[in-house]
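See below for the structure under consideration.
Labels run A, B, C and D following the written order; every chain starts at residue 1.
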Amino acid sequence: MATVFSQYAWLVPAFPLAAFAILTALGRSLSRTGAWIATVASLASFVYSVMIAAERLAKNAEDYIGGFAWLRAGSVNLTAGYEVTNLTALMLVVVTLVALLVNLYSLGYMKDDERISTFFSYVALFTASMLGLVLADNLMILYVCWELVGVCSFLLIGFWYRKPEARAAAKKAFIVTRIGDLGLLIAILLLFWYMPGHALDFASLHNVFYAQSGIISTSITTLIALLIFLGAVGKSGQFPLHVWLPDAMEGPTPISALIHAATMVAAGVFLVVRTFDIFAAAPAALDTVAVVGAFTAIFAATIGLAQNDIKRILAYSTVSQLGYMMLAVGAGSTTSAMFHLFTHAFFKALLFLGAGSVIHAVHTQDIREMGGLGSRMKITAWTFGIGALALSGIPPFSGFWSKDAVLTAALDDNPWLFAVGVVAAFLTALYMARLFFLVFAGKPRGDAGAHARAKESPAVMTAPLIVLAALAVVAGFVQTPFSGWLGSWLTGGAEEEHASGLAIVASVAASLLGLYLGWLIYSKGAVRRDAVSSRFPRLVRLAERKYYIDELYDALFVKSLRGLGKALSAFDDVVVDGAVRLAGRSALALGRLNTRLQNGQIQTYGLAALVAAVVLVLAIAGRRFW
Amino acid sequence: MEALQTLTWSDTRYLAPELALAVAAVLLALLDLILPRRASRDLIGWGALVGLLAAGVFVGWHIYDLQSAVDAGKEPIRNLLGGSYRVDDFGNLLKLVFLGATALIVLASLGTVKKAEVPIKGEFYYLLLPAVIGAMVMASSGDLITLFVGMELLSITSYVLVGVRKRSGASGEAAFKYVVTGGTASAFILYGMSFLYGVTGSTRLSDISGALGDALADYRALVYVAFFFMIVGFALKLALAPFHAWAPDVYQGAPTPATSFLAIVAKGAAFAMLYRIFIFLYRAFGSEGDQAAVREDLFLALAVLAAAAMIVGVAGALKQQNAKRLLALSGVANAGILLVPLTLEVNSLHSSMFSEFVYYLIAYVFMNAGAFAVLTAVSRSSGHEELSAFAGMYHRAPWTAAAMTALLCSLAGLPVTGGFFGKLFILFGAVQTKAYWLAAILLATTVASYYVYFSFIRQMYMRSGESDQAVAVPVPTGIVIWLCAAASVALGILPKPILDWIDGIFSLGADFLAR
Amino acid sequence: MLGSYLTLAAVLFCIGLYGVLVKRNAIIVLLSIELMLNAVNLNLIAFSKYGVVPSLTGQVFSLFTMTVAAAEAAVGIAVLIALYRNRATVNVDEYDELRR
Amino acid sequence: MLENVPVLSLIVWIPLLGALVTLLLPKHHSRLLRGFALLFTVIPLLLAVWLYASYEPVAGGGAFAEHGTWLSVPLNTEAGLQGTGVNVTSYRLVFDYRLGVDGLSLPLVLLTGVVAAMSVLASVHIRKRWKTYFSLFLLLETGMYGVFLARDLTLFFIFFELTLIPMFFLIGIWGYFGREKAANRFLLYNGLGSAIMLLAFLILIATLGFTVTETAGGAAISFGGDYETLLANLADPNAAAHASGAMFLSENLKWAAFVLLLIAFGIKLPIFPLHTWMLKVHAEAPPSVVMIHSGILLKMGVYGLVRFAAFLFPAQLASWATVIAILGVVNILYGAVLACVQKEFKLVLAYSSVSHMGIVLLGIASLNETGFEGAIYQAVSHGLISALMFLIVGSLYERTGTTKIDELGGLAKVVPFTAGILLTAGLASLGLPGLSGFVGEFLSLLGLFGSLKWLTAIGALGVLLAAVYVLRSVLAITYGPLPERFAGMKDARFVEALPMVVLTALIVLLGIYPSLLTDLMQHGFDGLLKELQTRVGG
């Protein structure tokens, strides 16, 4: 079948990019008009993405690659190219859909902000770069877009720039992810020099690595894979570079939904999937991915249990779920990873937008000051509930199917990974129950007045919630243990049925247990809330303080960098500049010596001359005798 | 014994420049007596200028004469008095430089020299002329005796010139210091000369060079003694470090025109003498063995002195606050630079040391004469000679400040000025002869000298002056300032005519190495 | 013979130099310069008589030297007198107004 | 229409003409003076753009060479060559007037044009002595163009020195409190650099710059600094024998000249530990002058390093590649770490320049075309970025009276436009893809990675540190709470905004479509690469 739409796939990012250009050029004067321009652009992108995806639903649709020469310098010959495959088509739809919904939502959420057009221009730029990242046909362009989404994330986290916390969070996000980016950059350098013909496009990578042709040795392959993974770790907030993601919640909530839940943070997973051939050729790297993913999944979940900020809980949940996806990739199942990414995008965006709706209503983010909102904000509560169930992995919500796929893959790979996954699923259910019950059930706590004024958000905000909730329910059916449509569509293989009874039972049990326990503690009150904290205060405190990792990093890197800087500063001043000053001073000292000689006494001059003459004669004539 | 050959009438035409000056000096002295006490002595100054001009014309005629002799295939040297006086291109070129420089000094001092500064102005002008004669004799002599007489003629008149402000203690002190130093230097040079005569039996330079090689075999130590005493004496005369300490004192105490005469003409004449004596070494000593070793030693001694002069001159000037002392120290450094070409080896690639020397000397004349002229004008308006007298010049006399900037660039060796190209040629010579260390020192001190010369610029452009009053520059001084500035720049942009000219008329072989 | 004369001249030169460098009286300083010049004369005469190539030139040279030395001494003394009028001292140490 | 016009000469001399015209204008009309200065910077810029448009990157350089003999000075042969058996008919030292343009210099010429014009616009902050200011400025511009276009060593040196004097004045008269010290430091340090360069040049002229023309009567020998002659003599294995050996450059001298050039241009670049002079200049000179200084003058170091040290001594470069790469890495990290702790924004920028110039060194050490192009790209990009940065610094200083990071804050509220541009410039400076800073960095690192993997990896840490220091300072200035005394500030005027927009646009353009510049540089390094391949043996 002809790939008509795919040929013009560059239009997808072009719409938001144009919106960005218009908004930037016209500046603040646009205000709400600008917001609408951006929204319309994202709608156009979405529609076009759907058309591409629809076109590709046909069997054996051919991949399309296009582009133009971008950079020629010596042996470098890079194109700015795009490649449309089923994988990218899927990502296009997810990204444009979430972007569209977030745009709509923001029309309500941000309507009173004076910099609304700036906000939408950033979002538009982000959307464009994210789509570029998805479409890129080579690692270089991917890297360019990778950095651009990073900078948009930075800009949007720091959108409320007057808050020092926002400023700090933005800075942190940028710098921490840059550590990962550095890894990716070096990986690209390595690939450039090891790949035949300096090729960086995915097709060539596939050819070289898939065949395991041995052109590149295993150790180098492993190194490359690990460095790429470092990039993914930074972007996807995996341990140990997860620290920026929770702080990133300083940004406006729609941003948290779009960037820090659904799309950008998933780019790490996408990257690993996209370059999976390399990982497949390096088993050690693949194991690392799995272990890091599994560890992150459980590690972030424990922190999430102890947090009180509604967005931070969701943020740690995101970290944890991204760990899940990494676990899946590490276990060798790109399909399940992409599947979880797909479903997670919807329900996590839903949860964030729901949280935004709550914050919008009560102007606080502390769940200890909420409670009983379910009655006042029905739509929000219901949709949030659906999201929570999906996240917890309760059938038949989408999260169940994808989580099950992940766990099945983990079980195939290594039982320990599977066990960790199940525990993480339990913890996920527990903290979601805690969150839901504390916010929507029970009686209002905190500022009663604010509570009384809390009311449901406007339709422009609830409509996206409803759409997402619907997706959170149904999105899972594209790939069930009994029909592997998504997998076959993505990989081009046959549909596989991949049921594992153990996985299903274990995951459902763990989730239900978690929910039940959460209900007992936070709604029914059958178990006292401080049951654990009173018995193991240190342990809880450890989780509350996020295992002191921020403090550790501060001491390890920030302080030492500052110390080094101070030391070098002193060195620069005393030694380097000191040497310069010394040179100057010694010239001056010589001059002063001359000045001392000039005491006005002609006889002193004569004496000096005589001494000099003797020395001269001795030196010149004498050197012949030495 | 051709040494005792007598002067004939026909020889006087070769002495025409010197004679013209002598006549002018006598006439002006008489005029000074005749003129009423209150009449302006500027007239004598103009007279001196005319005398200098006439002498210059004669020198020009000599150059033309010699050139036509060359064209006719004849020997391009006129030997008088049995070779003790030589009219050759080397001498003629330097004479032109001396005459031009003196003319600039006279012109600059017309109008600016205050009565209080030089009460007996007439005397000042007509004493300059014998001094120039002395310098010209030095440039032209082929005999130690002639050299000595010329040197003393120059020195003794300079002593008077320095002390001409007889009511000023400073002037007297400067003169006394100059007398003592000059006398000692003469004694050293003479003592050296006496040994040179002793080992060779002649005072004729050409004879000495012929006999020196043999003498070395027998009287090696005496040869060393002879040359080292002369080197020390010349170092004193030229104020090469560390024999320079007298120079700032004397320069400071002397009236500014006299200072500038000392800095330019007296120094140039001493160089002429140095060249006369030392270039012969190339003919006297072969290029191998012991003789070459001695020659190397002697030139190395000169090179060391040159290096020391450059270093000490610049270093001493770094923090100097008195403009005149500063220029004196700059003169020390420049003496070092002027000495460099002489110390460079003459080899298969390099023998243009004289072009290098004269070109830089010409540039030096202009930049120094100009700078001293500016200093005269500035100190006249502020009443002192500290650097701070230059403060605010940008506002007080913008055009003079601009001219001074050009002069300072030339002094500092920044493009595109005469000083720059002069240094460039010298450096190229140094590099060609692989004297890298000397080139490096020259470059390093040049850089350090930026600080020195730019201290004027800092004062002129970046500080505000004691008063906002415009600095009055008398017309003749202004002419000199602009002439010098323009010449400094022109020498930088178009050095070719002069160098072509020098190369065209001067020949190392004919002027020095031939008998 | 020559050696003795040369030694004498060298001694004389050194005495003169010593005087120039050490004596505080300005007149003695000037006279010391004359001593140095006389050492030269002695040298010249000695060489002219006993030198490698004896010749009259040395004696001629010494005549010039003497004449010039006289002129130099005259100017020197004149300068000194002018200076004495200003400073009222012939102490060389005190002629240090010009310095640094 | 411009085929027969000496475009290169026009580019070089029009600013000088402008300087002279400016001297004739009345001194109190700042607008008039600025207008004229702008005119005389825009004309060469337009010519340079025309050059860009009509330049064909072909092997062997472009069609725009101009030359004539400026001076031909006789050298004395009396005692000399006569004895060597060669009958010398003429023996001269030749100073040629040679201009030329190739892929290496054209980007920098364009940079000069752009930055100079923008800097004239930015000179609104100059408050006194406009006439002198603009004439010195134009003189400086002539020097800069000359440096990039000269093809003769002496001419190059003269232009190089010609930038020194006006800069001294520009810093010393119009600078901030410590201006005189900074001007002195600048003059002496750079004077030393050019003195060292001159020594190296003279060695080259004396040993490589000879041309021997055999005529009927004998041989005419001349020495000169013609760049092509040097290259030809270097490449010609017979040259040594041809000119009686004595003249030729020995292996030791090659090393000496190479190291001298490295130091000379290393001061300009600057290479650690020769960088301290430029800190003072950055901090004390008026911003519009720092735009020129940081934007163009430092690039003269880059250019000289490539043009002379690399092109003339490929073998030396090759065997010292590791040394240069280490120097580069030290520069990158040292500058970056120090930039992280500075309290004064201008010093942050100064140290960031040190860091960015380290990347240039990496590119040069790569020994391949990618790296070389990266180095030049980085130079151009850094020129634009730092010019933009200092433009902003100037406009902020005018409004706030300070550039201390601690004293500023929250300016995005009152001057959103300027703050936005500052943020963009910051992002470009930290090497964000899509902006010009990235391409140069990437190409340099990429080039070097082929040979020195670990060093490149360590150097790439600079990318990370750049993020730290840029964000630390830029965010401290624009983000956060706004001190009350800045509440009434006004955003950039049109005359300030225009150069900001132009520079930003160029930065974005070069970032989005780097081929604009890299295509230009094709064949720019042909000679060097060939030498590297044949001499060094791949």
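Operating definition for what follows: contacts are C-beta pairs under 8 Å (C-beta built on N, C-alpha and C of every residue); 3 or more make two chains touch, one makes a residue touch a chain.
Bear in mind the structure is a predicted one, so any value in this text is a computation, not a measurement.
Participant: Quick check on the contact graph: shortest path length from subunit C to subunit D, in steps?
Facilitator: 2
Participant: Greatest Cα-centroid separation from subunit C: which chain?
Facilitator: Farthest by centroid: A.
Participant: Which chain, with its centre taken as the mean C-alpha position, is closest to the global C-alpha centre?
Facilitator: The chain sitting closest to the overall C-alpha centre is D.
Participant: Measuring from the mean C-alpha position of subunit B to the mean C-alpha position of subunit D, what distance in angstrom results?
Facilitator: 42
Participant: Could you work out how far the Cα centre of subunit B sits from that of subunit C, in whole Å?
Facilitator: 25
Participant: Find the geometric centre of each of subunit A and subunit B from their Cα atoms only, then give the gap between the two centres in Å, rounded to an integer.
Facilitator: Those two chain centres are 79 Å apart.
Participant: Determine the centre-to-centre distance between subunit A and subunit C, using the mean Cα coordinates as centres, and give it in whole Å.
Facilitator: A distance of 95 Å separates the two centres.
Participant: I need the residues of subunit B touching at least two other chains; which ones are they?
Facilitator: 176-177, 180, 184, 248-249, 448 - these are the residues of subunit B that touch more than one other chain.
Participant: By residue number and range, which residues of subunit C touch two or more other chains?
Facilitator: If we look for residues of subunit C contacting two or more partner chains, we find 17, 20, 95, 97-100.
Participant: Can you pull out the residues of subunit A that are in contact with at least two other chains?
Facilitator: Subunit A, residues with two or more chain partners: 595, 598, 600, 602, 606.
Participant: Could you list each pair of chains that touch one another?
Facilitator: Per the contact definition above, the touching pairs are A-B, A-C, A-D, B-C, B-D.
Participant: Over in the complex, which subunit B residues touch subunit D? Could you list them?
Facilitator: Those in contact with subunit D are residues 282, 346-355, 394, 409, 414-416, 420, 424-425, 427-428, 431-432, 436, 439-440, 443-444, 446-448, 450-451, 454, 457-458, 461-462, 494-496, 499-500, 503-504, 506-510, 513.
Participant: Could you pull out which subunit D residues touch subunit A in their complex?
Facilitator: Touching subunit A: residues 188-189, 272-273, 275-277, 334, 337-338, 340-342, 368-374, 377, 410, 412-413, 416, 427, 432-434, 438-439, 442-443, 445-447, 449-450, 453, 456-457, 460-461, 463-464, 467-468, 471-472, 475, 478-482, 513-515, 518-519, 521-522 of subunit D.
Participant: Considering only the defined contacts, which subunit A positions touch subunit D in the complex?
Facilitator: Spelled out, the residues of subunit A in touch with subunit D are 28, 69-76, 143-145, 147-148, 151, 158, 161-162, 164, 166-167, 170-171, 174-175, 178-179, 181-182, 185-186, 189-190, 192-193, 561-562, 564-566, 568-569, 572, 576-577, 579-580, 584.
Participant: Write out the stretch or stretches of subunit C touching subunit B in their complex.
Facilitator: Listed in rising order, the residues are 13, 16-17, 20, 26, 29-30, 33, 36-37, 39-40, 43-44, 46-47, 51-58, 60-61, 64-65, 68, 71-72, 75-76, 78-80, 82-83, 86-87, 95, 97-100.
Participant: In the complex, go through subunit C and note every residue touching subunit A.
Facilitator: 17, 20-22, 92-93, 95-100
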